[in-house]
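Heads up, there are several structures right after this.
You will see two complexes here that share chain A, one where it goes with chain B and one where it goes with chain C.
Coming up: the complex of A and B.
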């Protein structure tokens, strides 16, 4: 295990002195060190050229240091704030802390007369190279706001606070990643989210030992309760409304600098099938489309396995009117139904994978070429039956109805074990696979909360917002399975009142 | 350990997967109809299988073989088929009259235990030979391999044929208080015609009733909502001028078992909601409330026909109406032997109420 020790975090106390630090940083060519004399003060300014905003540096720091310092010789590092119009100025003697800050885009100012001490002035250019805005393209919704989170965590927190206007919205900041030193923020509403939940989330994130946090998805995987499951245990979203709704329900959101996704936990299986659009439409329509989505998932998982099972083992089950079309379309196919299905399923997966890797414009063409040309040619060549082509295409289409990309990937994946079970055992194989899947889902936990709730354990009261989206007069109560601190989102009596007559 | 257990499970799955007998649908010979005949001391089996040409167009084909035993027929048919014969999609089994007279238990017993065959399977009796009938349907129909099953279904759903299938046949066959019946076909020129209901005693064909009587059977068996019946309502000599075509909209029989002195009496109350579909023009004469008269006549005639039908059953000592089952349901210590000893002399009294609901537009 000796080679692994290299990756382990070594928490030795910093013995670094300031001159040693500067020596260490000077190895990099973008590290700038400026020393000059103003009045009787000799001062040095250190910063990373690539990290600071040159405009801020010149107009707000250098300019004031040069002009005002001579007029006010009494200014020390501690009261630099008096002449430098920047809100975040810290004074530190710890070389390690200075190192960290300077690497985050702070400008270090030190006076010869105060050795071993330095003022840290924030001049980081936080938006440089990042997107300014994000249209929620991956979680698109026709109605409703289209602003999504961006890579900049400051913007994300701002967006959140704009909708949750209460001092109870608490952000708790942490630093993750031994190399990336990524800022991670846990957001929750005090008085709604259960303290236990917050504590668990904080503990899990604090315990992360990783080098570079590229994205929230990495945090998601590391803090997941079960790393072997194909199902996502935390909801990740780029939509503000979804994050706000989660916070209001008593869930906890985690933001990570550099990631346009927020992860939300604890999540339930049903969270992944709700779309913000359900809440924009009248509840009847919203519920209907939600049910269609559940049907789509079931169809997507079961369609091709059932095709295999029926055609290989249970020909008795075929309705007499379907017998002709099925046998006719199968009659020229040289493979058993399993291979036929696997062939087409893998073709579709290839198309999807290729489409995702190609530039958008090419991908569209590819979709058409793949879908129409390859599909038709396969059938004409007698490699697959027409009916199967329809089944597989519909199943692929149905799997796209899942609003969360991670879940639709899981559904894509889960089909293949079902296909193998159906091929080996037929209908009873599918029954086994379904049982296995339900057992697996029933055992999953998200942040220690059951994943299948309110279905298992059964919480009938909380069915109001799972399979159907009940009208707002009925959803005043928060789902109890997250154990929120306060029970109601709004006054249920008030919500039920009918105001047909204007008084 | 965990890994080993998983591997063992996976291996088990693969090995067990080998045990399942797979029958890909394009590698079997599906037979949809089967005919059994008995001729010159030989059993003749006829299988009708579809061949699929150009999409949904199907063509029925026939396989025939003969054997001195019944059980040997399917194996012998296999000897003539390129693909294994599978009976899982059977929709109809037709028995020749001679075969049915010798008893069809051999077949129905094996069907009762066969898990591949659905209980929706139709059974039927052909007047002459089943083979001949299947032959005719195979030749006359272009794309419909299921001509006879569809014919039965259609007649059950909208006409006079009481509901029959393998399930009901077996139920009535095994039940101590009833006897089974099946649709009865005849060859009429180049066509097959449903002629009525074939009656069985202990799995043996004993006779049949025509389609008119099968309407009575249908309404006597339980609540129904279809069927037509032609009745004579007048005494005007010209053919067709004095008949009314009655269409059943809703009919329900109620049985009552009572003791009258030292005899048992079975009252059968039948309530029919009917529509008069066709009637002679003289009924339309204004002013007269003729339909009340027609109603009375109808009731009388129906009662008469029912009495005749019950007499026929009693004479044949068969009980397709399941009267034995009904009596068993209302008596303690019902005894099959003694009930059927008395059955031929049982007093069965039908009482019919006809309500004419409508007579079409322009009344």
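Coming up: the complex of A and C.
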């Protein structure tokens, strides 16, 4: 919870009054305010729509307030318990306490005749958001929470607000889609996210003219800065911790009703290679696995092109000892290396695509049939060499280490241009392709922020959480490239305190 | 023409470090040792150092000169301001010709290496076509993308190629360095003259100066970058001196590439193929920055949109590469580029500075009289 301490830090210097509190909470569109008159009493009810169980609210609170209050005009806030059949009712005058409670799903009832006082009735819907199965299936992690977003936007907002307990978490709602009228919510933390970012995101979403918004992925594509790139420009996640982390770092999240994914922008290229698990493991292990993942990406892109380049043009590069096995395994293969590679790569793509379309249980069988039977048979039939089979299988395996599915797709795709370049111009071709890739990435922007940051433009200070996941004592500062409004997530001094030996 | 650039097109001053270094180091790094050691033998490293120090002075001079240019403009607007539209325009066209020559030489000399070392039978036009197409892709992204390419062109080769140099120490003959100062000053100065060409490339600063955020503060980065360049050349020349003897080096055209043959690892041989491939990243910024400067001069001079002029310029370069493929042609182009570059930097820029300085002085004294 360390990243929530920006809230703790400014421990509210001046006392908040109740009208100010309501004013503050009203910024969020899920905050509801109902006023009505019963008998001679004017009363107001305040609550967060996303946190309160509507059944409890109607049957146990509103119903009794409306029916019983007129019969018992002597009821004050203090003895509200007499008419409202709910176990926890507290009366408070402290606006800060009320704020905290209302953010946890309490309904606030206040009478006109008793200003400055309010009754807090617990109506939090604890079970909301726990659908039969909301495990994070696609972004799985062994350690850490496994609850993910679901198709219900109310649930998602509830899940988010349960982790970010501050009124600064603002939800801005809008309707997108001329037919579907889908509810889309932009979430950000006021005072952290840059107003410029929020404005850009809001403008782009408001400008969408589309009929049916099936999923967040459609919004993602429409608002992307560049539609001709194979790379995802916004992170999409079904994990709550990832979304919370993004909000706390100053990014903006977009939720869409009917989509179990949140899209997060602006994102950088390196966001797609971090896994929430890195943060659950000790930093040494987290960094190690992250480096393995980067290595996996490079291997996955370069392995088969290098095989092609070396075997087609630069066979002088193969050392004498390695030459024997390569000749042995390739002597039966009648094709040039390019065709051999393309054959195996496409086989693997087919397996992957078939596996993704089939029901889980069949897919497993298919994996075995494809992986073992076809692979072995290909080599036996002399259509591909054993060494290449190993290379391609490893490259495929390595490409699946990318935690975000969209990025892992992009990586699988960009191997093919690399393969073609390697087939045409060998090692130089690979270098050309790398150049082209770097230029392409350098041109991309996400919500107007450079995609390759912190590498280009170089921001050395923000390297703490890229290749290496630094210990928490060093990550108190938010990444500056999103230009957050407040610099620190938590007090760096507290985190850095070090005792002398034997003290 | 005098419009100032929008801030989002500008780059941070420290990126000058990468641009200057990326433009200084190029194909020359692969084979600068031979002429140098013919003149100065084991004292060649002094020439490297002296030429580097001279470069520092010239960088300083260039920053002083550009400070005079009206509203932080580039050298084209400076020419126009001090020499009028016509004569200033002629001078700028000379500059354009120089950049074109530089771009062409870079392209051709690298393609020659590819041809000699890797693909003797493949048509050179394929490589120049890809190079130029990628060049167009970079430049159409704007100067920020060009600077980004320079960044990668410094970082990746430094991380991959440079460590390979250490393998040569296994066979080092440190006595090759002795005797120190065995050559006459004239010999060393002749070597300095050869070496100065290898430091060229920073003169593109004359064009991208307006693209720097808070440009005068970038001067320290330009100097730092030159220090890195000196360091790299020094390391390479020292390794070459201790690895080769004088007779050997007379027969090797690209000593640095031959050095790259030394590393032996169990799974790969002939590392120079990797070096040549990665060298694309070193050469590419040279070409791109030069072509960018050409398009920029054309825009400033004739107010032609870069989107229009760029394809034409690139097509001209491509057609040029089809006609001059012989080794002797390339040698001649290298000579021309070297001479005109040295003239530009060593003679023209100091003279221009003196002229501008005098004009400003005179103007000031006239104003005071009034």
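The working rule: the second predicted complex is superposed on the first by the 364 of 503 C-alpha atoms of A that agree within 3 Å, B and C clash if a C-alpha of one lies under 4 Å from a C-alpha of the other, contacts with A are read in each partner's own complex, and residues count from 1 in each chain.
To be clear about the criterion, a contact is a pair of C-beta atoms (placed from the backbone, for glycine too) under 8 Å apart; a residue touches a chain by one contact, two chains touch by 3 or more.
Since we're looking at a predicted model, the values are computed, not measured.
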item: Partner chain(s) touched by A:85 [first = chain B, second = chain C, both, neither]; value: neither
item: Contacts of A:427 with chain B and chain C, given as first, second, both or neither; value: second
item: First (chain B), second (chain C), both or neither touched by A:333; value: first
item: Per-residue contact with chain A, leading partner among chain C and chain B; value: C
item: Touched partner set for A:191, first chain B, second chain C, both or neither; value: neither
item: Partner chain in contact with A:316 - chain B first, chain C second, else both or neither; value: both
item: First, second, both or neither for A:324, with chain B first and chain C second; value: first
item: First, second, both or neither for A:456, with chain B first and chain C second; value: second
item: First, second, both or neither for A:73, with chain B first and chain C second; value: neither
item: Set intersection of chain A contacts, chain C complex versus chain B complex; value: 313, 316, 318, 424-426
item: Chain C-facing residues of chain A, complex; value: 313-314, 316-319, 321-322, 424-428, 430-432, 434-436, 438-440, 442-443, 452, 455-458
item: Chain A-touching residues of chain B, taken from the complex the two chains share; value: 13-14, 16-17, 20-26, 28, 30, 32, 50, 52-58, 86, 88-89, 91, 116-118, 146
item: Residues of chain A that touch chain B when the two form their complex; value: 310-313, 315-316, 318, 320, 323-328, 330-331, 333, 336-337, 423-426
item: Residue ranges of chain C touching chain A (in the complex, touch as defined); value: 11-12, 14-15, 114, 118-119, 122, 126-127, 130-131, 134, 137-138, 141, 144-145, 148-149, 151-152, 266-270, 273-274, 276-281, 284
